[in-house]
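Order of writing sets the labels: A, B, C and D. Residues in every chain begin at 1.
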Amino acid sequence: MADVKFQSEILPELDPSAPLLDVRDLQVEFRTRDGIAKAVNGANFTVNRGETLAIVGESGSGKSVTSQAIMGILETPPAKIAGGEVLFHGVDLLTLSKERKRRVRANHVAMVFQDALSALNPVYTVGFQLAELFRKHRGMSKAEAKKKSLELLDLVKIPAAAQRINEYPHQFSGGMRQRVMIAMALALDPDLLIADEPTTALDVTVQAQIMRLLAEIQAERQMGLILITHDLGVVADVADKISVMYAGRIVEQAPVLDLFGKPAHPYTKALLRSIPRLDTKGQKLEVIEGLPPVLTNIPPGCAFAARCHYAQDVCRTDIPLLETVAADRAAACHFSAEVINGE
Amino acid sequence: MRTKRVMSAIAVAAIAGLVVSACGSGGDDAGSGSQELNLGLGEPKNLVPPNVGESEGGEVTRLVYSGLYTYNNDGSLKPVIAEGQPTSTDNKVWTIKLKSGWTFQNGEAIDANTFKKAWDYTVYGPNANSGSYFFNKITGFADTQSGADPDGDGPQKGAEPKAKELSGVKVVDPTTIQITLDTPWVVFPALLGYTAFYPTADACRAQIEACNEAPIGNGPFKFVGKWEHKTSIKLEKWSDYKGEQPSYQKLNFTIFTGSNNSQWAPFEAGSLDIAAPTPDKYESAKQKYGDRMIEADSPSTWSLGFPSYDNIYKDPKVRQAFSLAVDRQGIIDAIFTGRGKPLATFIPTMIPGYTEGTCATYCKTDPAAAKALLDSSTWPKGKKVELWINSGGTGEKILKAIGDQLAKNLGVEYEMKNIEWNDFLQKKQDHKLTGPFFTGWQPDYADSENYMGPLYYSGAKDGSDNDFGYYNADFQKLMDEGNAAPTIAEAHAKYTAAEKILTETLPVAPLYTGRTSTVIGDKIDFKSVDRNPILGGIDFVKIKLK
Amino acid sequence: MSDVSTPKPSKQRSLWSDAFHDLRKRPTVIVSVVVLLVVFAIAFFPSLFTSVDYKQCDIALTKAGPVSGHPLGFDEFGCDLYSQAIYGAGPSIQLALMVVVITLLVGGFIGVLAGFYGRWVDAIFSRIVDIFSSVPFLLGSILLLAMFRDVDLPLISGQFELIIPAVLTLALFGWTNTMRLIRASVMEARSQDYVHAARSLGAADGRIMFRHILPNAMAPVVSLIPLSIGGLISAEATLSFLGLGIKPPSITWGIMISNGAGWFTGGYPRLLIVPSIFLIVTVLAFVLLGDAIRDALDPKLR
Amino acid sequence: MGRYVIRRLLQAVLTLSVVLFMLHYLMSLAIQINGNPVRTFFGDKPVSDELLQATMEKFNLDDPCLKSVGDPCWGMFTDRMQQWSHFDFGTDFQSVKIGDSIANAIPVTLTIFAITTVVWALFGVTAGVLAAMNRGRFIDYLVRIGTTFTLAIPGFLMLILVQNIFGVIIGNWFREQFGRESFLSLIFQPTYSAKAPFLSLVIPGIALGVFGIAGITRLSRTSMLENLRSDFVRTAKAKGLKRTRVTIVHTLRNSLIPVVTVIGFALGDALGGSVVLEGLYNIPGLGLLAFNGVKTNDTAVVIAVVALASVVFMVTNLIVDLFYAVLDPRIRYE
């Protein structure tokens, strides 16, 4: 399947040996009334085929902006990509023409959004919105497109798909809507799927179902999957590795088990403490004191310093770089050694 | 018609006397040289001669119907269906000879009987024709009217009239009519050119409402289709007409019911060929169309009426002071860009019986004398002058200008009372106007008597039966003597004496006569345009298209 | 999770003060506020701006050009054009303010009642609104004023006598808009937490409505106030133009435009242009201010 | 849906009957205060009481209730409604059937409104959409300044200028250049012309359209902006759809929903504007009919025309609401 695509005329220069997605030093700025806000301030990560990367962080930490920058759907202006590369099999998506970027979307990279109710167009039937992809990108006839759409709905396990295909998004339940979103993202067999908080708006039980569905499909199709979330708990079961973002930077990067076991950044550690856990029942949940920095005015030094127990003078002057702290893992903290070892 | 319908002319045409009826325009289909004249018109109220009471209806009626006479430019009678002038030995019994062979457009013949039947119909009370008023000096008129209101408390059905026919009108033979008046009146023939004396066909009177929509006329033009209310009236040449025939085929009136100046713009756009510029467009029109503009004095007069019934205005000195305070020429220059003539008489120049300068004393501007007069009068100091007018029209501007001058020259404050036409009429007649009011008069027939008798003559000693509450015994006496005079010249001498009394006592302050400026479109042969100063309009029958 | 840690600032307060801070910085706001201050000063203290009596006219000076002491020349009646324009501001502005106050009070009160109580109260008022809004605003006002243009109102005299009929008519057809807006925002606010809180604390209906809900429901109406004042000034001019508003010798811009309209192509464009500029600049200032307020209160629509 | 329509229609009937009665009452009151309008038929010549009475009877204005101020004149009202139930709307003061007058006026006014609506839909919506798409750029500023000015210039003033400039100055130039019957000459006319009924209405219709265009344009712009920022447009972009498809299919369609509603209301406002417009251009439409009716206190005409206007207004709004449901499947009227 992948081989066929490698000959597609959209990206003839693909390098099959390069990682599926390699984001290098991505920087995104927003021009606002109060000045320039650095939403993404040097993001680095890679995703390989069949791999699941979770990007975790508070809202405003730059995860969604990163994903939209990869998709090429950031509104410019006010946004501006100030630097970095987004290499898709070695091709920098940022340098492509608008038209080529558009054709990469959905064909190679697809996205599932957070709130499916608002992410689906309320005035068209679900069938229309699915079939549209086949008709516009594949030039299929109405009937063919409908047939393909039905198959997709079956794939994402929507019961009575034949009837529901003619219904409108508001007639679906939250979970079913998210399945529709997923079906839409999968329609053109993308190599990379970005799921931006796909389960936030859902009930806990439904959350699990959707995550399972994503995991299954990913395994079956050997796609790369980027899961964006603010909830570490959600990704524990499905992610292979995790990148933690804070104030526009990746502050820690690690395989999922390592990260849960021994966080190397005080922020990760605090995040983990704020997850309710079955095994620590009765224990008080921790709250991270203070507020994340204002993006138009990031203080010098470590952005987390103001909220950090470990912070020393050096943290307020020098920006810690993302450095390898152990095999396959990196952290951006002057005191990562102390953190990883506990106290 | 004895209507002081100038006021309605303000209400409808609103070009305050400057344009009486010259609002036609030659429509011309480009290049086709089509024989079609397109004119503009306000919406007429009525199109059957017995009931026509304003200039719009009159204009159409005079084209579709022909009467015994019409008026020459000097005001004398011009026979149409009649043969020669009316004759009388005693000014009481008048004999009119008719031409034979005339018919209505439906084929009905016209003879003396036609006129008798038409006039009987007109005067018969229950038929409620506004034209009946013009017959009131003919013997037997009172018998055709319904009796007095039985209980006297307003509109109730009156008694059945005593007579259905006007006993003063006799058919001597098919071509001779004899009219007997109650008292001798040398001026009477002047009435005969008026539309109320036009004939109507039997078929028309049988279905008078249908006849109003699609008149059965006897004039140079006949109706095409029906009167499209508020839209258009289309006429075409009636080729069997026995009188002077038009040289072109069609005449269309576009009816304007919108804003008052809307005829000038279409003229400029070429869809109307004859129109009168509004005062504000006069100067540019004169520059552009100067050689195709006909300017002529209009026979209508405009005055500031005084409520003599009101204690404040009872004192002639107050009225004289007000009259002296008004700068007539200034108003004409400002509002009408000079088109008009200050009025120093009660009678305009072109009307038989006019005498120059009868009102030289008080019909001029003299602020100092005015102030002195007011101070010596019974005028209550500090009283605010209320100026009344019917709303909508140039008259409002005139009245404001008058108010400004009263304020400037007499030091009085003023307030405008612009009220609806209906309300204005009612209040005026009920003597409820509490201050001077704007009033106009367009003559019904061409004689000086028409400018005084109908307005200021009173049957009651307190003047309660005219709008001004004016009564002056000497004036009444001179008017009576004039009416009874054996010759026109002697009558006019008496009328002039009566006018002198008016100029001293001022039931109204004469202001100005209008002046029409009519621009003739270039598709019309300019030499063929003949404007009748008495009828105040262009003779459309005589117009020749290029 | 930031939601856990960040105490949410009071939304309304920050909305209003943000809006204010935002407004202060905008040049269009500064310019329109200055213009409006001048216009208000002209409307309420015309004698500060001219010593010429606008009623003192000399017909001999008809349409004369500017001379010393009469910077804009004279109108067709020989009245000083500048002082006419100055004195012409008062009635329009007074009328617009009165109408806005009445519509706010009536529309606001009824809107709060209808929105708060819902059900039959709402049903009844909504039907009444239907009735008024089924006759279009300007059409209704024109017809009503034309019908009763001759009627003297009892009890009122002076300057106000001239504008009251127009005020009442415009308010009669104008309150429904305010009512609808307020009703909608009250309905939204009614179900919010702070209302429940107030209720559980035992606040009476009246207090909840007018102390708690109304201030929060005002935002959409507030930004409309300048716009509707502008619209009302236009409407007044339209009515004067049709001869249905204020009568001479009192003066308004609408009357001046009506008198001057014909002279525009008749060789004296000044007679139309002067009052038009006064009118347009004033309305423009209101429109710009209204736009700015709306933008400030609803930043995302900028 | 069916039940909703029936409920709305019932409400409309209720509203209409109140409107009708209010109109009747106001007109009666106007007569009671201003005096019987038949008086004007006779100019200011003295009229005999019987003549007055005969005329009043003819026009159904002889009811004694018209003499006591405040009397609601119920009898007259029920008589009129009975008459109406046979589709007989009576006659005006010139004995013309009001039904006929209205029938003649409707096509004219409808033509104007059709042109006006087209102007709104074409220019208003397009300008709003373009401004939103080019937010912060030249076009956006142009549109915003333009709408601000159309809001600031009173309608009647604009109509006067349009008539003088387009009808007279420009029109005359065309007539000199191309002759009087040329297409452009017929379009640029200073007044309504019965010869070219449609063409001479184009400019007035556009002028009336400019009257309310600011609201439409601004709403289109904000609505577009809101939708352009919406999640589903982002989804559409993420789906790799072309820009035109994203704009037209996924943004415009959604943005039109509120615009349609506002056009419904704006047409009501335009009815008021048409009174001025039709007067200025001498257009024989409903606005002029109503205004002339009011000026002469012709009760029957005013009530019939205004009632018609309010019926049209209510029906338009019902249609708009139903159309709303078509445009927005989330709305279901029960």
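As a convention for this text, contacts are C-beta pairs under 8 Å (C-beta built on N, C-alpha and C of every residue); 3 or more make two chains touch, one makes a residue touch a chain.
Here's who's who by UniProt: B = Peptide ABC transporter DppA; C = Peptide ABC transporter permease; D = Dipeptide-transport integral membrane protein ABC transporter DppB.
If you're wondering where the values come from, they're calculated on a predicted model, not measured in any experiment.
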Innermost chain by mean C-alpha position: D
Winner on C-beta contact pairs when C-D is weighed against A-D: C-D
Whole-Å separation of chain centres (CA-atom averages), chain A against chain B: 91
Centroid distance [mean C-alpha coordinates] between chain D and chain C, Å: 23
Gap in Å, rounded to a whole number, between the CA centres of chain D and chain A: 54
Touching two or more other chains - residues of chain A: none
Residues within chain C bordering two or more other chains: 150, 265
Chain D, residues touching no fewer than two other chains: 34, 164, 168, 279, 295, 297
Chain C residues touching chain B - in the complex, by the definition given at the top: 55-60, 62-63, 76-79, 149-150, 243, 247-249, 259, 262-263, 265-268
Contact set on chain D toward chain C in their complex: 11, 14-16, 18-19, 22, 26-27, 29-30, 33-34, 148-149, 151-157, 160-161, 164, 168-169, 222, 225-226, 229, 268-273, 275-276, 279, 287, 290-291, 294-295, 297, 302, 306, 309-310, 313-314
Residue numbers on chain D that touch chain B, as the complex places them: 34-37, 39-46, 48-56, 62, 94-96, 101, 104, 163-164, 167-168, 171-172, 175, 179-181, 185, 189-191, 193-195, 278-284, 288-289, 292, 295-297
Touching residues (chain side chain C, partner chain D) in the complex: 127, 130-131, 133-144, 146-148, 150-151, 227, 230-231, 234, 237-238, 241-242, 257, 261, 264-265, 272, 276, 279-280, 283-284, 287-288, 291, 300-301
Touching residues on chain B, where the partner in the complex is chain C: 261, 278-284, 327, 330-331, 333-335, 391-392, 396-397, 400-401, 403-405, 407-408, 414-416, 418-420, 423
